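Note that the chains are named A, B and C in the order they appear, and that numbering of residues resets to 1 at the start of each chain.
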Amino acid sequence: MEITKLLLAANSDYSSMWNYRKNAFLHLKTLKNEDEMKSMFDNELQFIESCLRNNPKSYGCWHHRCFVMLHMMKPNWERELQLCDLFLQFDERNFHCWDYRRFVTNHSNVPHEKEIEVTNKIIASNFSNYSSWHYRSKLLPQVYPDPTDSKRIEEKKLLEELELVQNAFFTDPNDQSAWFYHRWLLGRGDKEQYIVSLIVNRSPPSVFCCLRKPVKMFNGTLSVDDTTQTVDWTSSMSERYSHLWFCKLEDGFKKGQQHTVSCEVESSKLSCCLEENCQKATVCLPINREMFQDHTSQAKLSVLEDELNSCNELNDLEPGNKWVMLTLVLLMRAVSPKQHSEKISTMLDALTEIDSQRKRYYLDLRSKYAIEDCIVETNLNENRLNISGMKLTQICHLELVPTLTHLNISHNCLQNLTVPFANLFCLEVLEANDNKITNISGLKDVPNLKSINLDSNDISDVKQFEYLKTCRCLEKLSIRSNPVCESEKQFPTTFLLHFQ
Amino acid sequence: MAAQRATNNAAQGKICQFKLVLLGESAVGKSSLVLRFVKGQFHEYQESTIGAAFLTQTVCLQDTTVKFEIWDTAGQERYHSLAPMYYRGAQAAIVVYDITNQDTFARAKTWVRELQRQASPNIVIALAGNKADLANKRMVDHEEAAAYSEENGLLFMETSAKTAMHVNEIFLAIAEKLPKNEGGTNRPRPEVDITQSNPPGGSKGCCSSH
Amino acid sequence: MEEPLPEEFDIILIGTGLTESVLSGAFSRIGKSVLHIDQNKFYGGNWASFNIKDFDEFIASGGIVEINRKEFDPVALVTEDETFIPVSSQRQLIKEGSLICNLRKNKVTTASPKDVEQNQVPSPKPTSDNDDTTGSQEDQSLPTKIPDNSAPKPNAETIETNESLPIAEVTEDDNKSCGENVGDNDAETKTEEPPFPVAMKDEVKQTYKFPSFDEFYDQWRRFNVDLAPKVMFSRGKLVELLIQSNVSRYLEFRNVSRTLTLLSGQDYLQPVPCSRADVFSSKFVTVIEKRILMRVLTLCANYEAHPEEYEEFEDRLFLEFLCSKRLSEKAQQFILHSIAMVKETSTTIEGLKATKKFLQSLGRYGNSAFLWPMYGVGELPQAFSRLSAVFGGTFCLRRNAVGLVLNTESGKCTAIIDSQGQKIKCKHLIVDESNVPDSYRCEFASSVSRAVYVTDKSVLASDKEHVSLITLPPDGSRGSVRVIEAGPQCCVCPSKYHLVHALLSSAPNNDNQVCNPREKFKEVEQILFAGHADAEVPQGGDAESTDDAKPHILWSSYFDMMEDGVTRDALPSNLYVARGPGMELGFDKTMGEARELFERICPDDEFLPRAPDPEEIVFDDEGYNTESNGARVEESPEDGAGADYVDDAEDLREVEDGDDAPGQVDHVTRIDQSQNVFIDFAKFKNLNEFYKSCQDDGFDC
């Protein structure tokens, strides 16, 4: 014990030494009486404290402290809280200490109100402190919960918080932590899970289910004519998160009979009717704006408009501040994408200039908005989507349109097709010509894809085409004007044969 | 080095630091007492006090380590010109007189009175009858001084910086008597250590930092 | 009874004000022999801090001290080739002093006015012991006589009390009361000052909330009232010097934690948002104002880098510049009066410089630009004096020079003749303004009016105790007023009280608009305070007015401090006159002057090099290890950072065994040779000699 003590005093990050001590304590606990253990634990706490004074950011120390506190008969949480106060006074951004503080307050039932007060004080002395804002975002929903969403806060408090954080970013618009908190306030929690579409095949009897949020494991309840089925959901993305899930039905469907198939997950349920003489049935949720306003739409519109106004004021005072502009973009998008579409676009353009390091992020954001607008505006009944010539840098939201048969993404600025196109299991024709695509790994396992146009792209590695081997229906591939074409030697003859 | 210190820190329990001042007439042996205590040395022809802001010495009690910050008069008492700042915030004082000189005992009493009024209310005061090795020239009765100390709640010892008699003991006795709770005083604490920029709780400057 | 002083010094300083004390420390530090004397029984001269009793006494005396001067003929001590220049009269630097205590004698408040007056007759002496005063503990043979009550008191023209004045009782072993005299003053007060009636109604309630006179004066020692309150810029010259010289060891500080101001048209104080954190939390400015304020402050903090932002205003007013930045009027006032603290007529460059200075200091030690020395500004001269003493300087209070001795031929000052009739030679002589020989004196250049108040609470309630700097912008006929408020945590007053200093400068001959300092502060009092404690004693039901939130004046004093009446051109080349505290808010001028004088006298020496920490002073038998200039002593071999506690038990035993210390039983004292500090005092003399030999060459300049 003494040796580990010396070693740890020298280097408190030595975690196996802490573990050794841990085991020693567990062993001693079986041998010694309560008083002896108490004094040993007290000494240990003192020792840890002395280590922390040397190295206040040692994982091992804080961790070991948790261990000791949990094994003490009568832990003095009050003192631990004071210790946290002390260390936070010394370094208000020590997140180890913030974590430990949460640990202590959880175990000692410190009222959350009191802890909010603590964050008030620390923020007042220096608001550039992500940890305290973050802590606040964890505490507030517990004290002032939003009646409809336990992870959010009630409106009155929300307004107060917005005012507080507004003070911060008006004082210093370059302070990230305030902007992050602002975004948390205006955002909503996790997107709700729901089923976007359901596709039923009569033969072989199977169901495709497309989800809003990708999951690693899907256990939606499937019922046929109100009888729950035991099914095994699989996805095309083995081991990875997937939007699209597939299952076979053991019993199958009766020939020439109508069936109602429904799938249920969390609070969402979607039903699909397989008509008597149909081989296949599809049902999709109608696509609307709300689906995309994922950052900010839950807060009341008037709040958003107020925020938009003050950010506009700030933008006038502080032209060219990226945080202000980005927030403006998000707010405009949340309030009225249509009305502000032009301003959003100019602002994003400006942002790519001002904050060139994050150019890519802004371009992707713009692509996302463009795709959303297009999806909302297109009549999807024809299962065709044309998002060509929009300077897109990324493709997203494919999970919302699983029934597409034709997709045109040509004449954009795409550099790769890595998002899983497998979700588009009805897709037959993909036009991706005139981009800068180098990588087409996302085109794996697209079951019904018959024709791909990849003319005028940047594909230089012949191995990219290996991915297409998994598209079983592929009939036509056009790859004119790609670097790969220039050296024919690269094309193994066997490979070409496959496509004939 | 740092490791060892940290270990001891933990092993020794708490460390309390105290300011201790020496008072008394010139040439009663104030500096000699300190020198004996801090270094264990004695010089027959001791120069007047010169040179250090204060000296430090540590005393170990059972569960506490007491670190004395010992302030010498720096000769300012010579023309009766000691600045009151000297004993400001002192938690302990040794008032020294020379047992061979009755006047110095009278002066010591004045000092005790002064401390009782001027210094912090819970100051620990010790009276040291120094030069106890010169007992044959004694002019101040041990009993008289002891009685006076008793009356005034002082620690009392006759000491000899020359023979080291009761030198460590008097410091130890003080260390034991000092209250050890969190620094030992209830006087207002300074907020700022000016040698340390941006102290605990310091919000950063106006504009420059984030 | 006292030992005679040595007969010759390199430097003699007369007066222990801050400038002289800094110099004293600086000269001793480099090994000069220094004699530092002061006619007062306390340190600090016009920079001193007093307990309330000594303050009363000081104001009553007008700052004039009766020195116990030996009878002798100074001219007899002067040789043929020398000229004697008398410093005959001590110059009166404090004028128009007055004191008012508004507290009643007893806790029982139902007494009729007559009873009260009778009560005060056997005026209780807060402590009847002698040698009470801070600096005079040693002083029994030289009681400083307060002018007799019946004798004329030319300086303290209006000593008023509504109750009683303790001054009269200060004379030692004298329990005689001065009740009648005080009663007279009291009567005067009544006629002159109807707003502060002494008369008490019979219906005065038991809910009397103010301390009694006795309760107040019982705590007299716990006050530290400054004559020259100032705040330290965190990056000002003084702070740098304290750190550089290690004198900071003797001192303790608190932050001046808030800046308050009064906006024109308003009648309440509000906090000025100075720092980023202040701006963020301020509830008095809109978010838009916050943004603009922050932008302007950020610009000012680094204005040189952005000439385009202010160039066109370079020759125009700072106010115009601020205006051009879209600052609201409120924010302009904040910056002008409370951050830059410049006049409305200041130029843009002056304003920018001042703002930058403020901002540079901000945040060095917490959310504040200023520090306040605990126990008051009077600690500062004491700290530098101690440094001087530690390095061998000789200090002697209650002594001054009756005259200087000039070498007739060279015109240089070669010696002083002190009040004990001793002729002491010197190479350089530094005196404060009150000790300038008559022949070099002229009219005073200016004066500062000061008021000190003891109140029952802070001017602006808060959940924690603050040291506040309050700037009242000029308004109409009233000039700009600066106020410093400190509380018990600064050890300047007992708990439940606050100490408030107010100061305004007055032009030398202001055509006597208002010359009584007390009158000058009337308006300020109306802004800050609810009135005098007595005036407030409820007479009807209107005590619950809004004023109730404001503090009451329990005790107050007013005085003018005179500045600079010296014809410097005529001085002998080795006589230097140090200026007094002046009007400056901080210490930069004073520190600048000290450094300048030092460099004139010792141009080749370092000004206050760092004094070694105790941990660094190591003496071994080979000698004292120093660097060549003695600036820094070699660190102890093991760990210079000072690992001062005991390593382990084994070492202890070793020391115990080897030491001759007898009778160690229960506990062990550890005397650790390597880690603790010790000085071989016998050798130190050599060090001083060593210093001397190093410095003698460049000395006579």
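Simple rule for what comes next: contacts are C-beta pairs under 8 Å (C-beta built on N, C-alpha and C of every residue); 3 or more make two chains touch, one makes a residue touch a chain.
Please read these numbers as outputs of a predicted model, since none were measured by experiment.
Between the chains B-C lie more C-beta contact pairs than between any other two chains.
The chain with its Cα centroid farthest from the Cα centroid of subunit B is A.
Mean C-alpha positions place subunit B and subunit C at a centre distance of 27 Å. Note on chain placement: the centre of subunit A and the centre of subunit B lie 65 Å apart, centres being C-alpha means.
Residue positions of subunit A with contacts to 2 or more other chains are 125-126, 172.
Residues of subunit B in contact with at least two other chains: 4, 9, 201, 203-204. Touching two or more other chains at once are residues 276-277, 294, 367 of subunit C.
Within the complex, the subunit B residues that touch subunit C are 1, 4-5, 8-9, 12, 15, 31, 35, 37-41, 43, 45-47, 49-62, 65, 67, 69, 74-86, 88-89, 110-111, 113-114, 117-118, 163-169, 171-172, 176, 187-188, 190-192, 194-195, 197-199, 201-209.
Against subunit C, the residues of subunit A that register as touching in their complex are 124-127, 166-168, 170-173, 310, 313-314, 317-318.
The part of subunit C that touches subunit B in the complex is made up of residues 2-3, 5, 43, 127, 129, 131-132, 134-135, 137-140, 221, 239, 242-243, 246, 248-250, 252-255, 274-277, 294, 297-298, 301, 359, 362-367, 371, 374-375, 379, 382-383, 385-387, 389-392, 394-399, 488-491, 611-615, 617, 638-639, 642-648, 652, 659-664, 667-673, 676-682, 684-685, 687-688. Every residue of subunit C that touches subunit A in the complex is listed here, in rising order: 276-277, 279-281, 287-288, 290-292, 294-295, 367.
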